[in-house]
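Note that the chains are named A, B, C and D in the order they appear, and that numbering of residues resets to 1 at the start of each chain.
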Amino acid sequence: MGNSQLQIGMANIAFRSLLVGLGIVVPLLLMANRAKRMRRIVAALIAVCSLAAAMAGATALFQHTAIRIELSVVTPFPFVLTLDQLSAFFLLLIGSAATPVAIFSASYFELHYSDQLRNWIWGFVSLFLLSMIVVVTASTIFAFLFAWELMTLVSAGLVLMEGDSPERSHNVFIYLLMMHAGAAAVAASFFLFLPFSHTQDFEGIRFSLATVPLGTRTAIFVLAFAGFGVKAGIIPLHLWLPRAHPIAPSPVSALMSGIMLKTAVYGLVRFAFDFLGGGPWWSGYVVLLIAAVTALLGILYAIAEHDLKRLLAYSSVENIGIIFLGLGTSLIFAAHHNFVGAALALTAALMHAFNHALFKSLLFLGAGAVSHATHTLDLNQLGGLQRRMPATGLAMLVGCCSIAGLPLFNGFISEWLTFRSFVAGSTVLNTKTQVILPLMVGILAMIGGLAAACFVKVFGVGFLGRPRSAGAEHAEEAPFAMRASLSLLAAACVCVGIFPGILLRPLGLVIGGLIPAAGLPADIVSFTRIIPWTAAIVLGIAGMAVLLSGGKRIARTWACGLPGLTSRMQYSSTGFSKPIRFVFARVYRPERKVERLPADQPYFPVSVSYSSVRTTSWERAIYRPFVDLFISIAYQLRRLQTGNIQVYLLYIFLALVCLLTFVRFER
Amino acid sequence: MILLSSLAIPLLGAGLMLGFANAKIATRLALLIGAAEIASLGAIVWQVHIRGVLQEGRYLRADGLSAFFLLSIAFVFGLVLVYSSGYLRHMGEGRFTSARWFYSLVFLFLFTMITVCLSANLGLMWIMMEGTTLASALLVGFYNTEGAVEAGWKYLMVCTVGIAFALFGTIVLYLAAVKDGVKSADALDWLSLMTAAPRMAGDGHLLKLAFVFVIVGYGTKIGFVPMHSWLPDAHTEAPTPISALLSGVLLNCAMYALMRYDAIISHAIGSGFPHALLLIFGVMSMVVAGLLILVQRNLKRLMAYSSVEHMGIIAIGLGVGGPLGLWGALLHTFNHSVAKSLLFFSAGNVRHNLGTLRMDGISGMSRTLPQTSAALVVGSLAIVGLPPFGLFISEFAILSEAFTQARYLVVTLFLITLSVVFGGFAHHLFKLLCGQPVRQPERSRLIPSEYTVMGIAAFCLLLFGARVPYVFRVLLQDAMAVLR
Amino acid sequence: MGLVAIATSKILSSFSVFLFLSILLLAVARRISTNVLLFGVQSAVITAEVFATGFQEKLAEIYVVAAMVFVIKVMLIPRAFFVLTKKLKTVHDVKASTTPTQSVFIVAFLIYLSYAAVQSYGQEVRVPEDGLAAAVALILTGAFLMVSRRKALMQMLGLLVMENGIFLAALLTTFGMPLVIEIGIFFDILVGLLLMGIFTFRIRDTFDHLDVSKLRRLRG
Amino acid sequence: MKLVINLLQALMLILGAPLVRGVISRVKARLQRRRGASIWRPYSDLFKLLRKEDLVPPTSSVVFRIAPALLLGATACVAAFVPVVWPIGLLASRGDLFLLVYFLAFGRFFLSLGAFDGGSAFGGMGASREALVSSLAETPFLLALTAIAILASHADISGMIGWTLQQSFFNISTVHILAFTSLAMVVLAETGRMPIDNPTTHLELTMIHEAMVLEYSGPSLALIEAASAVKLHAMLALLIGLFMPWGMASSYSGGELGLAFIFYAAKVAGLIFVLALIESGVAKLRMYLVPDFLGVASALSALAVIFTMLVKR
């Protein structure tokens, strides 16, 4: 008992100190602008604070008594931070992803930005982390919304640090607008509790649930799903994601994709399970359907991309889809009171959130290292980097394996849990569920296969073979800090992948807090024990084989007897994805253009250029008409402001007459 | 006595200013008088806080509500005065367009507005409200350009007509009071009306009639849609400090008058009817102005419409009522005037340096006018109600009260409009700040006076976003106590 | 003194007729000067009405009010208008956007409307209905004039007619507000007119016409 | 004892793999009226390759070297899942169908990377085609296995086999038929046989697997060949175990095990014959007809999953 007291105390101290630490960054920078040493200190401070966050989360995860921090004395509305187990888990997530990012940034920012800009960036980064930490630990409406809005603002500021070309600012504009709309929905879903809870504290909301009528509950769920869905980037609310993530500085993209999206997952879990105790019966199916669409389309879009960061952004959409698959399944189970299944599915979702945080940050940081070395992110310009930057390449390889869901890497564990929860769906005594959930296995299988293909492409085209451009030709290994952070993340991925227990056990506690009377089924737990054995077999045999295969000789690659195999003869990223794009042409509706020069002799062309662009666009399908509606209404209103004073006077008189008649007939 | 002095200073100041032809000296003197005035206003606020109510004769009274509004007037007026000291630095000696005329009219304007806040008698309040129109009409037409004259004329006519209805409403209220046995001498005195209100419940529809006329009348001054037509013109064509005064102080004064009437009517016949009207006008103003923000081409016009929108927000706050709603509405009046002044100041700099306010003619400001752009960004973030700025707090309060009372239609429109307005502002700002600059400014950095006022305003917004200062919390309590 | 009493009662019973007459004439009048004249007459009728009320109700301060009305509205303002028109050297047409016939019909309808409006309130405030109706009719007509006459001067006039109506309503229902307030209101009106005069000059100088419906630079 | 048997059958699966290949090619030859090579030929091929030296492209990196080894390791791991004579495989009692399928994917992933590392056109081409086939094959593969798993209400291989063992051959359900058909189709695709891929071709327009391994030589090639052989054998064993396990030993007695082994050999022979028939009877599909082929498989497997609901009633 004393031990747990001690641990609570430690977590408490760590939490408070990290809040303070991140808080004082901006003042520090203001105090000593331009001082290099100060920036070093700041970088170290941020890294340490992230580490402290991980620590605090890890320790608080095992405590059933939540840590409370009351700041209401300062603010006009109650502002309370509570570190219960769910919050602790996400705090752990943030900390463990942010620490390497901070280390990476320490060298990345120094190399890429001017003094003044650097101060801004560091300040924003600290605020960004702080706001995300507050979001996942807030336990009053005011605190949550405050941090939620701040998070958006600061991230937008960070994206703008990279420059303000028109299309960039347009993308940021779309990002901000969608975030604002989403925040409005979130705020509404919070406020809808007010008439029943009469308090802004999460506790009160939790207890008021019984008094909330069904209609309101439905509204709350729908609004929350929409609001957090925008932040998470579920299709069709994903519009901003592939626009905003790629144009941010790479460490910031890592933070946005790795962590910020998870705050949305946190919010939805908070609402669906903690506040609402599972939404209306159909909610699970809706979430499941949308999640499936999101994941499938996300990975298909990703495969068709050849800009590394855009590809990663779309794959974030896909992974969010996988996470939401778990959430939806869990909701379905909960609706049928199958709590074991619900626990299993929720575990899968949360675990995938954590894993995605790890490997997506790894991949984005890797992309940062690549762009730093080669000054390009176009896969068709890369290649042969494995030889030139082996450490980075190896880390990236681990990242690709993890995100492709290969066994012995962390991505597999969570996808596997999701699969298992689908299969468990056949035990639910409900015809819909018995059919739908097992069939989802097929969907997720296809997603997994496509993801594997996508990341074979990323690593194969990007890092193997011959360099396709001078930049890639003369690439050099990334500086130490970058390599260090990359290998940290890679190690984490492998570690979780081979010993899933270290994550499953604490997760069990979190789930236990959310879904009463449910633990993980036995075979799940026992399963995780054989992973190390399989690892032993694979690596053992592989090692033997490598030893067994003796000397090697360098020999020119066979070029069908022709001399001079150039890098342009390699399969490009576009070429690789061609068959898949062909098969799924319905999704892309590609518009192909083949140009032969000179045009008059098509059979002996000097040059042939081929281009294929996706024409399906959610923007044109959904958003344009919506926006145009508003604009057109606005113009109609504008016409009422004629400029003729007599008309103005008429308006006044009419308003008066209307009200008078109203009064006349109202009595 | 102190009340009289606070009225006398600007009045005498207005007269005195005309004697000083030299712009420099006039400016100095104006700053001096302004300081004295602000000091006396501060004294009033302090006295009210200590002694509750200050009475001066039969016609002047200062209570918590007036104290709150006086404080915000003093604050914004101080900012405006300092700003205009730099703003007028190159103004010729025209017939009416000269520093001394400017200042004397400004002091006159100030005098009328302060009297509005201090008048215990609704009749006097009406007279002074009309006085504000008269005093500011010349200021709106100050530059004597085509636009200025047109705007001035529209302002004068529209507001006078509207105000006339307010007079009629006042008369009906007077009639009801007299009928129910209030001495005709006191029948316009706010306090005695408040005490008599419960007795007047019998004349329900007379009171309703009165309120309809009043809300249309003073609503014209406040700028409720559809009586708002004068507002964008006046704000656009007036000299920048005046625009700030108009939307930062004048609108609040009109809102203050409306609050007084609303309190009486609500006491007499319950808050159902007046609050319904407030909500109708509030939502209408908010939605229409919010949509119009999307399609504006002139920077100051954009801000004028956002003023209309915020008046709508305040009206909604009053309309939903309740402790939190009223609190939010009152706080919002202050926050809005600070943020709006900041925005108008930066708009003034834009016009000074780039010579235009047409937004399609401006781009890349973030490079050419860094400080002004920063001010513009801060002001806009504040005005669209994002943390960590004051308006987030007040809008949060209003929204949560509205939700608590389950007024779902109102809150839906409210939230949607907020997003629309955000979109509008973001769209325009990106076009202004980003991209390649088209023309070079004459001076890229701010002069000290501008620097100071903008800094103060921005800091104030930030402060109110984090925490409402003690003074304001107390004043807000007093003000709400008055209206209960 | 029976004579005065008789006159008083006659005035009180019949002034509204004169007012309606003046309104209808205002509707048809094409020349500014005619309008101004009619306004003067109208104000004179109101003055008489005020005197009568004062005599009947034995209220001293109403006499003061009556005097002010007479001085300002019957003598000062019409004269000011004539001076203004002369100084502005403008054509005398009011630039009506409705033909006289339409105007008459509209005004007639407005009068009917005002009767309809006051019917319900008449008995409970215990005043002669047609008096109240006349007041409301004045307000409505003033509004109508402002909306339908494009000359700046006519808008000022319309405002004044409206103000007459409001004043009359106040007088009938409450025998006038406290004196101080009345004085303040009159002061406001005077200053307002002064300012409007200034603006008419400016409009003339900047646009060299007085047609307010052409001031449409600021819109949207 | 138990462990020994499990190890033995895993080893048998691995070491017997080249033999299976040899037999297949022999039977094919016979069906095509050729004498054909000896059935032990694959072993000698492997030894020959192992003795040769490794030719490595100048552009290649470490991935090129480790890819074949990892491929073999993963495939061996799969082999360890699949029981042969005794219903409980080495890891089968815990390792479930998803792990099995994903280890196959693991091997494929690294093989594709190795192909890219060659730096020629063929590797990428093969990898890209392989990516298409495999990503489409995952769905029917997992769905078919899932169907059986649902019936057996066990997700681990030995559980599934154990359940099938308890059923009598005659009340076998539609689910089994559907699942078997689709699984068989998947096996063809997975192991790169006709009509999806032609293991004997070296015409770059048609080849998938061969294109990927084009740059490999010597020991590396040996590893890859061995891996693909093991994969094929394991797949056949899996089909047998899931759909016709009868005759597996139920106790450790040597006699029973021997009997089970004979049964197993017979079944494998049968499957091999069918496979050879298909291979010599069917022409290779055009690349863009492969999705239809696998689409049919997916549809069948989906039906299988849906029917489980009816069967369980």
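The working rule: a contact is a pair of C-beta atoms (placed from the backbone, for glycine too) under 8 Å apart; a residue touches a chain by one contact, two chains touch by 3 or more.
In this text the structure is predicted, and so the values were computed from the model without any measurement.
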Touching chain A and also chain D, the following chains: none
Chain pair, B-C or A-C, that carries the greater number of C-beta contacts: B-C
Interchain centroid distance [CA atoms averaged], chain C/chain D, Å: 103
Centroid distance [mean C-alpha coordinates] between chain C and chain B, Å: 32
Rounded Å distance between chain A and chain C, as computed from the means of their C-alpha atoms: 71
Distance from the mean Cα position of chain B to that of chain A, given in whole angstrom: 44
Multi-chain contact residues (two or more partners), chain C: 143, 146, 155, 212, 215, 217-218, 220
Sites on chain A at which at least two other chains make contact: 638, 641, 645, 649, 660
Where chain B touches two or more other chains at once, by residue number: 153-154, 157, 161, 209, 232, 295
Which pairs of chains touch, using the document's own definition: A-B, A-C, A-D, B-C
Of all residues in chain B, those that touch chain C in their complex: 59, 121, 123-124, 126-127, 130-131, 133-134, 137-138, 141, 144-147, 149-154, 156-157, 160-161, 164, 167-168, 171-172, 174-175, 178-179, 184-185, 188, 203, 206, 209, 232-233, 236-237, 295-297
Chain A contact footprint on chain D (complex, rising order): 50, 53-66, 68-70, 72-74, 76-77, 80, 91, 94-96, 98-99, 101-103, 105-106, 108-109, 112-113, 115-121, 123-125, 127-129, 131-132, 134-143, 146-147, 149-150, 153, 155-156, 214-215, 218-220, 222-223, 287-288, 291, 298, 301-302, 305-306, 308-309, 312
Complex contact set, residues of chain B against chain A: 153-154, 157-158, 161-162, 165, 204-205, 208-209, 212-213, 215-216, 220, 226-227, 229-230, 232, 277, 288, 291-292, 294-295, 366, 381, 386-388, 392-393, 396-397, 399-400, 403-406, 411-412, 415-416, 418-420, 422-423, 426-427, 430, 433-435, 466-468
Contacting residues of chain C [partner chain A, same complex]: 97, 117, 120, 143, 146-148, 150, 155, 212-213, 215-220
For the chain A and chain D complex, residues of the former touching the latter: 384, 386-387, 390, 393, 397, 401, 404-408, 412, 416, 419-420, 422-423, 426-427, 431, 434-435, 438-439, 441-443, 445-446, 448-450, 452-453, 456-457, 459-461, 463-466, 523, 526-527, 529-530, 533-534, 537-543, 545-546, 548-559, 565, 567, 569-572, 575-580, 582-583
